[in-house]
Structures are given as C-alpha cells and as structure tokens.
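Below you'll find the structures, each written out as structure tokens.
The following pair of complexes shares a single chain, chain A, combined with chain B in the former and chain C in the latter.
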Partner chain A sequence: MTGTTRPLRSPLLWSAFALLGACGLAAARADEPTAPIGPSQVRRLSEAQYRNTIADLFGPDIKVVGRFEPDMRGNGLLAVGSSAVSVSPSGFDQYEEIARGIAAQVTDKEHRAAQVGCEPGPADPKGLACARRFAEKFGLQLFRRPLASAEAAAWAQRAVQSGEALGNYDAGLAAVLAGMLTDPRFLFRIDMPGRDRVAIDGYSRAARLSYLLWDTTPDAELLEAARAGRLDSPEGLSAQVDRMIASARFAGGVRAFFTDFLRLDEIETLSKDALIFPAFSSSVANATREQTLRTITDLLIDHDGDYRDLFTTRRFAMTKALGPIYDIPIARDGWYMHEFPQGDPRAGLLTQASLLALHSHPGRTSPTLRGKALREVLLCETIPTPPANVNFAVVQDVNNPTLKTTRARLQAHLDDEECASCHRRTDPIGLGLEQFDGAGQFRTRENGETIDIRSQFDKVDFDGAAALGRLLHDDEAASTCLVKSVWRYANGRDAGDADTPSLEALTKHFAGDGHRFPALLRSIATDPAFYAFPATPRRSPRQVAASRITESSR
Partner chain B sequence: MSGLSANKGLWAGAAAVVAGGLVLIAADAPTGGDPGVRTFVLSNIYIASSGDGGTCPVMADGGIETYFKMLPPAEQAKYADPAHPGQIEQAKRGPLEQAMNEHFGFRRVAIKGGNPGGKQVQAKLPPDFRADVTPTPEQAIEIGALNGFPKGRGRLAFSNLTVAYSACTNPEDFPALGKGFVTYDGPVSAGMNLDGKAGKEDFKGPDGTPGVDNQLWRAVGCVKPFREYGEPKIAHKIFISARAPTLIEIRDIGDPRNDPDVTVNVYAGADPVVRDGRGEALASSSFTVDPDPTLRASVKGRIENGVLTTDPVDLKLNYKEQIVDAPRVFRGARIRAVLGDDGRIEGSIFGYYTLASYWSSIEQMTQNGANLTGVSCPGVKAAIERYADGYRDPRTGKFTAISSAYNFFGVRAYIVDKAKS
Partner chain C sequence: MKSLGLSRRNLMLRGTLGGIGVTVGVPILDAFLDTNGAAFAAELGGGRRPVRFGTWFWGCGMIPERWQPKATGAGYDLPPQLAPIAPVRDHVTVLSGFDVVLDGKGNLPHISGNTAVRTGAPADVWQSIQAPTIDVAIADMIGAGTFFKSLELSADGDPRTSYSFRNGTTINAAVPSPAELYAKIFGADFHDPNKADFKPDPKFMVRRSVLSGVSEQRQALLKSVGAADRARLDQYFTSLRETENKLALQLQKPPAAEACIVPSAPAAAPSGDITDVRGRRATHKVMADLLAMALACNQTRVFNMTYSTAASDLREAGNTTGYHQITHEEPIDRTIGFQPRVDVFATQSMEAWADFVAALAAIKEGDGTLLDNTLVFAHSDVSYAKNHDVTGIPVMLAGSAGKKFKTGVHINGAGEPISRIGLTVQQAMGLPVDGWGMDAMRTKRPVSELFV
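On to the complex of A and B.
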C-alpha cells in the first residue's frame, strides 16, 4: 500500500543540512521577541508556502492533511523567524505523515496517469527509466534545482527496489516522492553560492524571487531562466520580475506579506466570547481576514494605489458574512468592493474588523493592545512587555458601577506612574478606536455612557478612527516601517547597520514612486544586494546541541 | 445607540454620495437601514398555545398509540413498556410500526432510488417515467397501481421521493386510527375575534377577551407535539423554516411608537437564517426576497404604543422544514406585533388557515413521521374538517379554512428585493 510506505530519506543530506546552521529556535514561542536574526543560508518553508507549492505542483485536489510545525515570528515577522527555525523530532514525524499522504494521492489511480505518465513495459521491464523520469521531474520541482545525474539514478534505483520489496511498483514511486517531500532541500529554501561565492546561484535566485513575489515555488519558466543563467544579468532578472509582478500570482505574494506583516495569521486562532459578541464566529473571523487582504490587493495591485491610502480608504472588500458585523445590507453574493460614504466612521484598515478584533480581548476592547499593535506593526516601534506583577483588576472590571467606560477604567489604571510611562504611548491611540467593540462592531455607547473618541497621537489631537487614519497616512514613519518590513520579509533577517543605506534608498524610491507597493517589491527584487550569498554565522553551543537533537530523530 | 439608528445616519450619508464612485442606493438596494423602515426576519412561526389557562385532561393518541391499544392483550404485551403499563416501550416502536404497516397494508416505494425515510422498496415504474420531473397525482396513482397499491391509491410523499399509501396519504381509509384522538374543549385560547362575533364556539382569550376565533386550537390543541412546540420556552429555542424564512418590512414609519398609517410587506426569504453565538437568530443579516409573487403580500397597518396591528390580508408563508414543504396559506390574516427597541419583533398572525395547506403540512410528515411524533393523521384530518369555520366554498357549502393563531418572533434584518428594480 502506498499510503503506508515509509519515505526514502537521504541521511547524509540531513547531516549536511544540520551543518548549515538551521536550528536552535524550534522550541521558541511564536510571539517571543528574539535577538536580531542575521543572515542565514536556509529558510524553512512556511505552512502556507508548503501548501501553495503542493497545490502548484500537483493540483488543488491533492489534499495536504496534517499538523505543521508551528511557524515562529522573528521580531514581528514569520519570514524572519523562518531563518531561525529547524524541524523538531515530532515536527519531522508530522512532515512525514503529510508527505506520505501526498505521495499516496499522487500515485493513486485517479492521479497516476497525469502525475507519473509512464510504467514498466517491454522496453523498460523493471520500470527503471520510468522511475528516473519521475525522480528527475519531481526532483527539479521540489528541490527547485535539477538533480545531479547520479542522484537521479540513485532515486530511481531505490524506487524500483522499494517497489519490488513491497510488491507494488507505484509504492516504490510513492516512497521516493515521500522521501523528496521530507528532504531538507524541499522543506527548506537553501541558498547555494554562485561561481563568485559572493552572490547566490541562479536556482537560489529563482526560489528567492518566487517565494517573495508569489509565495510559492518557481514555475517552469523561472527555473528555465535560472538554468540558462538569465537571472544573473540585470536585464534577464528585470524581465522575470516584471513577468512575475504582472502575473495573477502576484496577489498571492502580496497577500502573504500582509498576512505576515499585519499578523493576520493569528486570526486563525482568534476567538471571542459568544455571549458578548454573538455575531462573531470563526467563519466571520476568517472573512475579516479575507476582507483585509482583498482590500489591500484591490488598492495596491488592482488600482496601483498609494500604500498610505490604506489608512484612509473607504473602499472595503465585503461579503454577506460580514454584513452583521458592519451592520450594513449586502445585496450581492460573493465578494465585492463596498464604498462607505464620507462621514462614516469606517475608514482605513484601522477600522476593519480584522485588526480591531485581533487586538482586543475575547470579551472587551483593549486600547492598550490596539495602540501597541499600531506602534509595533505599523510604525516598527518597540513597546516593552509589562512587568509580571501588574494588577489589571480595575481595567478588567467591565461592570464597575462608577468606571463605566474603558477610558475611565484605563485612567484609573494609569494613576500608577510605573504603568503610565508605557501606556501613554499606546492607550491614547487605542482610545480613539473605542467606537469599535471587541468584535469590530460600531457603537457609540458603553454601559450607557457616550464613548469619547477624542485623543492624541504623538501630541497631535485627533477625533476618532478616521482622523487617526489620516494622521498615519501622513506619518513618514508608517511608510518607513513598511519599507523596512518588506525588506526584512524579503531577506528573512533583521537589518543591520550595514543595511541602513539600502533601506534609506528604498524608502526614498518608495516615496518617489508614489508609495506604490509593486514598485517597492520590484526595487528589492532587482537589487543585487537581495542575492548576496549569506555568510554562515558561527553556531552557539545551544544551536549545536539543538541540531544534534534534530539529528537524533533521523 | 441602536444599530438601526446608526445605520440611518449611514444611509442618509449614502444618499448624498452619488458622485465619485459607487452609488449605494441602487434600484435594487436592500431596505432595513432606511429611515422610516424596519425590517425583520422571523426565525420561528409556531402555533399559539392556550397556556396555563387551557389544559387537556388527556392528550390525543397518535396513530401508533391507537393501534397499540387495538391489539389483543397478549400481542400488546410484546410492545409494552414494563415500567409504564399501557405505554409503548421506546425501543419497540420500530417493530410495532412494522406490525402496524403490515396490518393496515401501508406501502411506500422509492421512485428515485436510495432509501428515503428508511428501508425502501424500489418502485416498478411506468416506461415513460422521468426521474427529473415530479410526477403528477395521476402518475403517482399509476405508480401505485403498478406496485400493487389498492385501486386509485398512491400519493407522493417524503419530498416527492416516494409514492406511499398510509393513514397520512389516505386518512379516510383508516378511521380506526383516529379513535384515540381528542380535541381541546377548554374555554381559553390565544387568538383574536376574526369575525366580529362572539359565538358559543368561540374562546375567551388568556386576558378574558371574548369571541376569540381559534378553531384550529380546538382541533389540534391536545396533540402533544403541537402543544409542546407552542410553548414559548420551547419555541424560542428552535428555528422553523430557517432555510426559507419569512421577512416582514414595515415602511412609512413616522413615529416608531405611534403611527396611524404604515405599510407592512411580508416576503419569503431566499437565504437561510443563521444562528449567532447565543443560539439565536443572527441579527442584521441580509436576505434576498424569493421572486415568487405569491409569496409576498402588502397591507396597511398602524402602530399604537409600539404595537403594530394590520388590516386583514391573505398570506402565503413558506414552511420548509426537513421533508415538509407546505406553504402556510392564511386568509384574512391580521398581524399584531411588538416592535422592540433592541431590533427584535415578537407577535402573532391571526387568520383563517386554509384546510388544504394545513393538511399538506400534516400529510407530508408521512406515516413514519406521524408515528415518531405521536400524531394521528386521521384524527387531525377529521378534526380540522369538523371545526373549519371560515371561507365557505359556495359550490360545496363547506368551509375551506379554519381560524387559527400563530406566534412568531424575529430579529432585525436587511431585505434585498431585486424585483423592485
């Protein structure tokens, strides 16, 4: 049975891979701040990238079933964390289960003809030639570079031998495919040096480009450009970048960045108190995320708009499931773009239910969480974590007969000067968003009292969410933060002092281009610095130990 | 501030924004947010119970209970509950139903394959039978004849997936199964005086109002499932016809507490009611109006102290629940409802329920459904025909409808009526 076939592994590859230094932080908490993450030669595929890749290579009907090793946010970005995570023993077991499931489907009766396309016959009695074609095809697609001839022959030989041992030729192919799917060259994007050892080689460039712009594996044309060396020239590189940005798949790349940047992946596990917010459900939560992503791609791609307008736009993607949250009639099926009128409190991403609900508590709002998220995510500032012994009793008592509004309860909390120092940076921002409850629904009263939305942002007075959005729109720090975040996302690492000139130049060009997001990605993707071969960092004893733990699972 | 008032502002603003992009108020724009309009989706319309003031000394037997009592003692003992003599043991209702089917010659055959409603015999079908076309009543009889049904017998049942012969398709053939049926003879009933008279057949309302016309309650008020489903505590927990709910739109509201002239539109919704996190109907959802013109009605009404009352109007309300698809047709119906400040509506429909549409809802339960719930189809049929009191057929001289009272409740909703474009 192909479904129970053990994958064929390359132990030597896993050993070699461990020496590359991808290890050490696998057990870190997803939201744990880490020290700056520097250059790395390897980056683990995210769950989304894994799924996108499988769908692209084998078709959307191949089910990816299993639980993935959790991705880790590295100083705010999963993409940065991907350079610092490895695969734990239990995580590897999960990958193996997933791989076996995929391999079984690809080689089953329904898919075999399209995916395998050959079988043993008079001219190929053992099926060795067929197995080799199979290995070469999927080796190229999964490892994002061609197999060496000897390796292709070895995979083919093992496929045939396994098939004979199992009494089923296709089971041997499935074992090979499962082996490839658990190979570090698939699970990790590994940068290989070019001839000059200063820049990465063409296939590594193709992978970088593809996962940056499409969040999936390179297509045949990109791999061919890599093979032909066209990605090594500025002209050839530009041609491919332009092709990829013009592709419909570009939206996938943009969505992936903003999912990471805005932490929209966390909506997956967002839950609300059903008695307090009965209109909010997991399906609604997912719709809020989709709304934000569609709003973003509508403005940035479909209309080639100014990034800053995301903070003021009244054009929201909308669908029936969100009607009750926004309390608006929905006359159409499916998604469409809804325009809120001038004067409506809904304006900009800050007033979308995704962000409002994400940065709230399960049963109430949190001006602190909202303000903290705005400063950390949109302005790239750092807000210290509160001390462990803070007394939140006053803030949490939503039934306090005298402190009826969140503003009043927070004010009482701020009477503690030690707390006030940080809260002064976060809470005023969040108080301006208080007309939206913990599920993102509009309200004007809290416990019978009118909600006061007058507040201050960096010493500038504002009145409500729309006004706050306008302030962010005009704040250079927001644009600078975006550039920095995209750069970190693309490079999978934190910026060092040496990167400052590049970032400054990018920021300048971004402003000069009218804050056009595709242009920003193009600038990064065509910058030779994006393809620099990363220096291998020295490994700490902890990392070495972790790599051994990882090795012991092999 | 209520969501409604918030939206009034929104829509007022929208009306002004015509240039510069999308026009919000289009010809087919939904209602619900407009000033002067309140719109609701009803999550349950249920028979109004007489409450504590009108109990039944004994409850009506269902068909299977009646059959059980017909059995000789030795045979009855096979199905009896040892702990409750005289009652059927729950686990033995299946075998008893099988024995009942065999005794009375009940039949059902599947005409489109599968086993709709349980183990089915596949029907012998006429050569010109088309699975994609619903057979006519005449074709159903033809299928019955091919499968050994008594002459002239055979009715479509179970969402038109079977042809059946039973006490629910042909109650007139099985009067014995209506022997255990009892009607409600108490003095109190929900309802209103529909005919303007106070006759001896009329009830008193729970508040003592005389002349209440609700002969449907007299007919079926002692049928256990109907009485239970009429209890507000139970009714509030369940949705009925959630996949095809009824929508109510009140227009031209000047003063929401007192307005002598409002227009009430009743529609069928084409979208399902969704439960919210509390298990109640999700408020502020949007519902498309079913384009079937027979499923819409318009009537004048008035609001007094927050209570809406309409003039009489004929209504056809969708009633789609599990295998039942039997629109409720009310003649001369009045709606009375309290409009809550929280966006809810709770009220009643008082009117003459046509016998044909009421019976359709009973018949479609099928014999199996009637046995499961303890309903006697022959008992119900005989009772509603006996107590029918409205809309006499001039040709036959018989009444075609029966006075009734149904309660409902609902939440604020948006209505999308594309037919108005």
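On to the complex of A and C.
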C-alpha cells in the first residue's frame, strides 16, 4: 500500500494529508523546514470553540446553523493554524449568516425574557437604557472584556435606530447582537498588553485560560478575577487554574486537545467504501471518535492515570454502534467501559478503530499511512514527501498472484533503495497493525493468506499491535512529543530555540509527576511565559506572505 | 525561529487591502444614497453584457496519446479521451504542449503543476507558492457589482477543496453541494431581477449599518497588533467591506436579466459514497446547471468549479483501489499500449467537462449564449498522472469572452511555458498586465493566435 496517497483534498493548507506514501526521501527539498508559525496576538476561534461559546452563553437549545470557514492545521495542529488564518470574503458571509440565526433565536419570544430581561416602558420610552444594558451584557460576554462606555452607547443607539427602521424593537436588538457576533473581537481572541507591555492583560489571560482548559469562553467568575486583577498574581492565577481543572468543563478542554493532536476532526470527512466495509458508516465513524475521546478522559481525568498507559490500556469506551466493528455483541444502550481480556489483540489507542480507519485508504489499509501518522503525530517526527517520478507498478498490483498480502507487496517496495530510506521508517510500524483492516476490524487473513504481524520498530522486534503499544509506552520520545504538542497547542505557535529550556523543564516535570496530563496543563497555565506579550512584531507583512503556506507535509 | 528567505517575488502577492477604501459608518438612512450600487446597476443594465470568467478543474490529467489531437487549428480531431466533447467541440479550444517549467525546482506531486498553472510559478516548497490565483486577480477586476465577487464550487462535498486563494491563509472555501449552492444563490437574499416590483427591504439597510458599526473598530484594532496580525485583521475588514457592498446592492432594483429563470431547488443529494465516479458526474451536472443560472441572473461573474480534487479523489464503488492509486499502479497493457482503467477514468472526466460546457451553452443570451459571454479556463494538475508529469498539462478554453477569443481550435505549445495561457486569459478579461509568471515561467508573450 504505500505508493499512493489519500486524495489531496486541498493541496494548500487545510488538508492534513500531506503527500505521502510513495517512496524515498523526496530528492529535492522536502527536508527543508516549513514555515514556523511565530507568536501572534490574534487567534481565530475554532468552529468547536465558537459552538461551545454560544452554548455556554445562550444555552444548548440555541442552534448554530451554517457552514464555518474551515479551520487550518499549522504544522500539524489546528491550534497553531488559528494564529495564521484570517477570514475570507465567503467566510465572512457565513459568519454573518450564522450570527443572524443565533441573534434571532436569542431575542425570540421563547428566550427573550431570560436573555434580554427588559423592554421599553414609561421610564425608558425608546428603550435606549434597555438596549444599553443588553449591549453591555453581551459585549462583556462575547468580547471577553467590558465595552468602553462610548461604544456601549453607540451599540445601544444602533439597536434603537435599527428597531425603528424595522418597526420592531427586538429586531433591533437582534441586529446588534448579530453585529457583535460578527465582530473581530468575538471571532478572534485578541491579546492586549498589560500595563508593563511585557505580559498580556487580565482579560486576555482569562481568555487564554478558558480556551486552553475548557475550550470555551471565560465564565463570570473568571472574568471577575480578571477585572479585579487577581490573574496577575501567582496565587490568584493558581486558584483559578485549580478551580478550572476541578470543573466538569475540564473534560471539554482535554477532549479538544486530543481531537486536535490526534486529528480526530478529520473523521468528519472520512469516507469508506460501503461495499467493502458495510459495517462502517458516518455514524459509526463518529462513534469511533467518541470512543477514543472517552477512553482518554476515563484514563487521564477520571482515573488521573499515566498518559503512557493510553498505549496499552485494555479499557475501551464502548457503545452499541461499535459492536460490529469490534465484533462484540452489545445489548445495552449508551456508553460504558469495556475491558478486553489480557492477551486480546485490542490494547491501546493504536488498536482503536478511529486511528486505524483514519490512516487507511477508502477501500483498504495502508501500513505506510499508519506508520507515518504514528511517527508524525505521536513521536513528532517528520517524514518527507515522496519524489514525483516513482514506479509503483509492482508495489501496488493487488492482483499479482505471487504477492497476495500487503506485506509481500510492500517488501518489493523496500527492496528499492530509493524508496526504502523513508519506507523503512513507516511501513514496518504499519505492518504490525495489519490484523486490523481499513475500517479497524480484526482479521487474521488477507486474500486467503495468514497475516504476519511480526515486525520491527526502531530496530526492536515486536509481534503485533499490542506489543507495539508497549514499545511506544516505554519510548521517551512519545512523552516528549506529547509535551511539545500540548505546549504548541496552548501557545498557538511553534516553539523557537528560546523555548527549549521551558520545554525541557516541562518534560522533566511531566515525567516526575508520573505523566499526569492535568498536571502538565497546570504547569503550562501557571507559567508566566504563557502570558508573555509578543514584544515587537516579529514578522513583517512580507514574511507573512511567505509563511502563508503554513501547512507542512508533516 | 528560522526566518524565511524571501524574495521580491512575493511582492506579486497583492496587498490584502489593495485598493479597498476605509469604511466609515453609514447612517442607516444614507444607505439609500450610496452610489456604489447605482453605478454597478448602470453598468449591468446599460446594454453591455457582462463577460464572465471561471475555471474548471479536474484531477489526474490524461494519457497524452489518448487525449491530444493530432491536427491543429479549427476542426481538430478528437482522440478517444476527448471524444466526449464532440457535441461542444466548436466551443472548446484545446491547448496542448504547454509546460510547467520546473527550472530546477522539485516537483511536489499534484501540487506543483496545479499551482504553477494558476499562479504562474511552480513551488517546490510550501512557503514559496505564489498568490493570488488567476481567478482572484480577475475577480478583483470584474467581480464588483455582483452579489458574489466569485463563487467557488466543488462537487466532492468538501468545502476545503478549493484552488482559489488570495494568500495562503485566505483560501476561498468552496460551496460543496447542490443544495448549499441553491440556498446560497436563490435563498432568502435573492431578488428575481425580472420581477416588476421592487421594494428595498429595510433589513438590508440595518445589516449594512450594523457592519459599518463593526468596522468603526478597524483603526483601533489595527494599531494594537503587530504587522503579521495586522495583515490578517485587514483581510477580515476587506471581507467585511465586500459583504457591505453586497448589502448595498440589495437596496437597488436589480437590472433585468433576460436569461434569468429562477430554478427550483435541487432534489436531495443521493446518499452514499461521494467519491463514486457515477454519482460525482450527476452531482456535478446539477451544480453546473445551477451555476449557469447564477451567472445568467447576474449573481456572480467569476467562478471556480472543481470536479475532482488534485490527485483525483474519484473511485468506483466496491473497488479497493481509487483512480489516483490506479494511475500509479496499473500496468500498461502491452496489447493496447496504455493503462486501460486509467483511460476510462480520464475519459469520464472529459464527459463531465462536456456537461459543463453544454450547461453554459444551453442558456440563450442576446443573439448568442451565456457561454459566448464567458471564458472558462479548464485544466488539470498533471498531464500523465503515472509519473506526475507537469509538461503538457492539458488546458482547454470554452467560450469567446464576449467575442474576443477564437473558439474550437487546437493550438500546440511545443514546450512553451504554460504561463502564456494565464497571461492571455488575464488580458482577455481586461487586466492591465503585460507580463506574468516567475523565473523560467515569466512571460510577456500572450498566445496571440487566440485573439479574434
């Protein structure tokens, strides 16, 4: 399987699927660095963050309808890409449309009382005072900082005028709410400097914290702490971080990180051939993602477990929809934790259907894609793109009577020295996972032949997926990569040389704390470096132009 | 942080704000007095029909010996892979043998060719991809005054499939399905240009006024951030301004559009494998018909239609191996001399192209058709996909750009840079450019044989 790549959805940025697969080091410049994304004050809310924010502020029954401008991976992480994207003209149209839909619901009969809570009356004949309260309340919530007085007055004036033009007071309120939801201070998180201009101000801190730990907007208590200046002191900051980690919302933050890190958002557009994999559908695909996220939060939060155990755990979140994929009968409704027996081929994240299916072709597996994903995502390595002119014929001929299994076909590939230099790094890993087909279902034979799952990972022999998981569990590079990824996720940028000491310290603490994930987030969230204000513009507009293609081939 | 070596070439990137004026608040009632809309309307209604421009993209190219006509000039022959365009041949000009010149740069499979055709320079590293794409440059010139400065469409169901971008962080996301396309064009904001009565809806005034309020923050925000962030926020405000302009148009009675017939909503898309080639052709055809009517109704003048992705995503349901994989792995059948299954897929792509041309040609406009007042620039990412060949990437033009271009001829470029076509197309659309492309692909010579 090698040889080919997933179809490129967009060659430019959005796709996380770089070209891959074929063979060898791309002779040309594939080993050149891709543009690192540096410090930025401006991060666009992700679609998930937007949705979470709306649900938190207005309640879960307010529907967010419309298509979002796609988020973009920057060197592997959407969170890093968020520091590089803007809003295109069609994206703006869509934000405006989504905003109007939300605003209409918030001010409708059903929600008006709870959300607006005032109306024009004898004391306020035009409703200007009511509109001003409305603007102040939502200005604070949506922009994550209070509106200046003049601005609050302007919004209120506009609301009343709009209501008059439309012959409906509430429609005027809806119009300004839609405007606030389209405002760059809502769509982007914009860091403002604190008084010393060395660190960001309290409200910016509150936003950083809440989107890191909860993946949503600051709550009232956090905004109040920002207002009172409590986030500027180590004690005040610690108190808030502890409160937030103890909150039920913390799971949302952990899920958001792992969705980004493991690229589980891509399951949204994953398509499998329905004739070849009848058990796989889009609802099953979504269940595989949910399974992985629940397995992770069960271990890391509910059991305060060791991150490394994710690679070996036999405790999987399970639900009825996944029964056919895992070949286990499930009668009960809802989710529960399923324990696979000792010795079962299913053990660890590597054997979950989400990752197995994500890194396969629509109609078959791909040891190359799987090996590449493991190297790049879990170990933070880079696999170069393949050269353009490759002869794939032997490798790929699935009808070749003498090369029945993927392994046999790939071996032919590895015999070619030009190809082998990269494929040696990817394919052996994937070959150890071959007992799971392109939809993540267990199998022991391919085209009538028994599948051989003996392989090597960095020159160490292993036998199958569970054994590979144990190797990864003990591989320091996996822990180092996690720390680096969480750091990049939190900071929304790539690490530079100056960040090395921070990263090393974090990695050391992580190991010292027994690889506890919440403790890692706590270390980052209480580190003054997390709140540094970018001193001077680091990049000129021309540099921006150059780095505009930021998706790497990682 | 390693800094990027940048060259003057990046200046080709048009400023994200090029020519866009600063928005100031527009008091609600003054919106009526805004002259932009009136000016646009005058142009549309004043007799001169708009000329439209669009691109049509398909992935994985063709097999040269099975696609390229032997005869040049009018009445060219149709080899097997081109046979599907027989009914529309007189509308289609074939441009073969024009090369992407790598000039020592690496060939990023399925990327170098596509970006070189659209931007005038191949890029072997992500950072050096040039922008904007040709459609964006043309939309800047002719896209004002319609509701959509440009429309990006993809038949593959994925909004991320778009090869239209102003810069690397501002990609124009695609409308990915017939239903979404219909809603976007003919939904709540649509005014039938041929309806006798027109009453401006105060809702549009209010929306516009609110956006003006939002844009009042522009200066303060731009001042508070560094240069890179400023460029991104500036792009945001440029996008906001485009929506404001669109809302201004909503307050004008649209000029009549003789060929505009509001279509009915498309049937729900068939469920199932979106990569199946048969389903794709059907989806694409529905989108082509809707797009043709969007053009006829003056909703846009620039479009980009993606039939299949670069490194084609197409497959046949039930087959473990997709088109892209097949291009690399299918052996050449020695008895016939080519890859038989690749041949089928490549021919199917041309069937879809013929559908597209026919959809535009089916709409009468004046004494000709909508297609006559359009220029469609069709191309792929490679020529022979098996080895990602970027020489002789197939290009076809359809429509005469308002009788500026000859149609129905075959021109062979004999290895000339493919940027000559991009230059020619821009000149035909009225852009004041005398040269285009970078390095070995820099050219000042249009394909002058194309002009009438």
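Rule of thumb we're sticking to: the second predicted complex is superposed on the first by the 491 of 554 C-alpha atoms of A that agree within 3 Å, B and C clash if a C-alpha of one lies under 4 Å from a C-alpha of the other, contacts with A are read in each partner's own complex, and residues count from 1 in each chain.
Throughout what follows, a residue touches a chain if its C-beta (ideal position, glycine included) is under 8 Å from a C-beta of that chain, and two chains touch if they have at least 3 such contacts.
As the structure is a computational prediction, the values presented were derived from the model and not from experiment.
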Contacts of A:185 with chain B and chain C, given as first, second, both or neither: second
Contacts of A:161 with chain B and chain C, given as first, second, both or neither: second
Dominant contact partner of chain A by residue count, chain C or chain B: C
First (chain B), second (chain C), both or neither touched by A:274: both
Chain B versus chain C as contact partner of A:331, first or second or both or neither: first
Intersection of the chain A residues that touch chain B with those that touch chain C: 274-275
Of chain C, residues touching chain A in the complex: 1-4, 6, 10-11, 13, 16, 28, 59, 105-112, 114-115, 123-129, 131, 148-149, 152, 156-163, 165-173, 180, 202-203, 205-207, 209-211, 213-214, 216-217, 221, 224-233, 235-240, 242-243, 246, 272-275, 309-313, 315, 317-322, 324-325, 328-331, 381, 387-388
Chain B residues within the chain A interface of the complex: 1, 3, 6-7, 10, 13-14, 16-17, 21-22, 24, 26, 28-33, 271, 276-278, 280, 282-286, 414-416, 418
In the complex with chain C, residue positions of chain A that touch it: 3-5, 7-15, 19, 22, 26-30, 32-36, 38, 40-42, 67, 69-70, 72, 84-93, 96, 100, 154-155, 158, 161-162, 165-166, 171-172, 175-176, 178-179, 182-185, 187-188, 190, 192, 269, 271, 273-276, 361-364, 385-390, 392-393, 395-398, 494, 496-497, 534, 536-553
Residues on chain A engaged by chain B in the complex (per definition of touch): 272, 274-275, 277-281, 315, 320, 323-324, 327-331, 337-344, 442-445
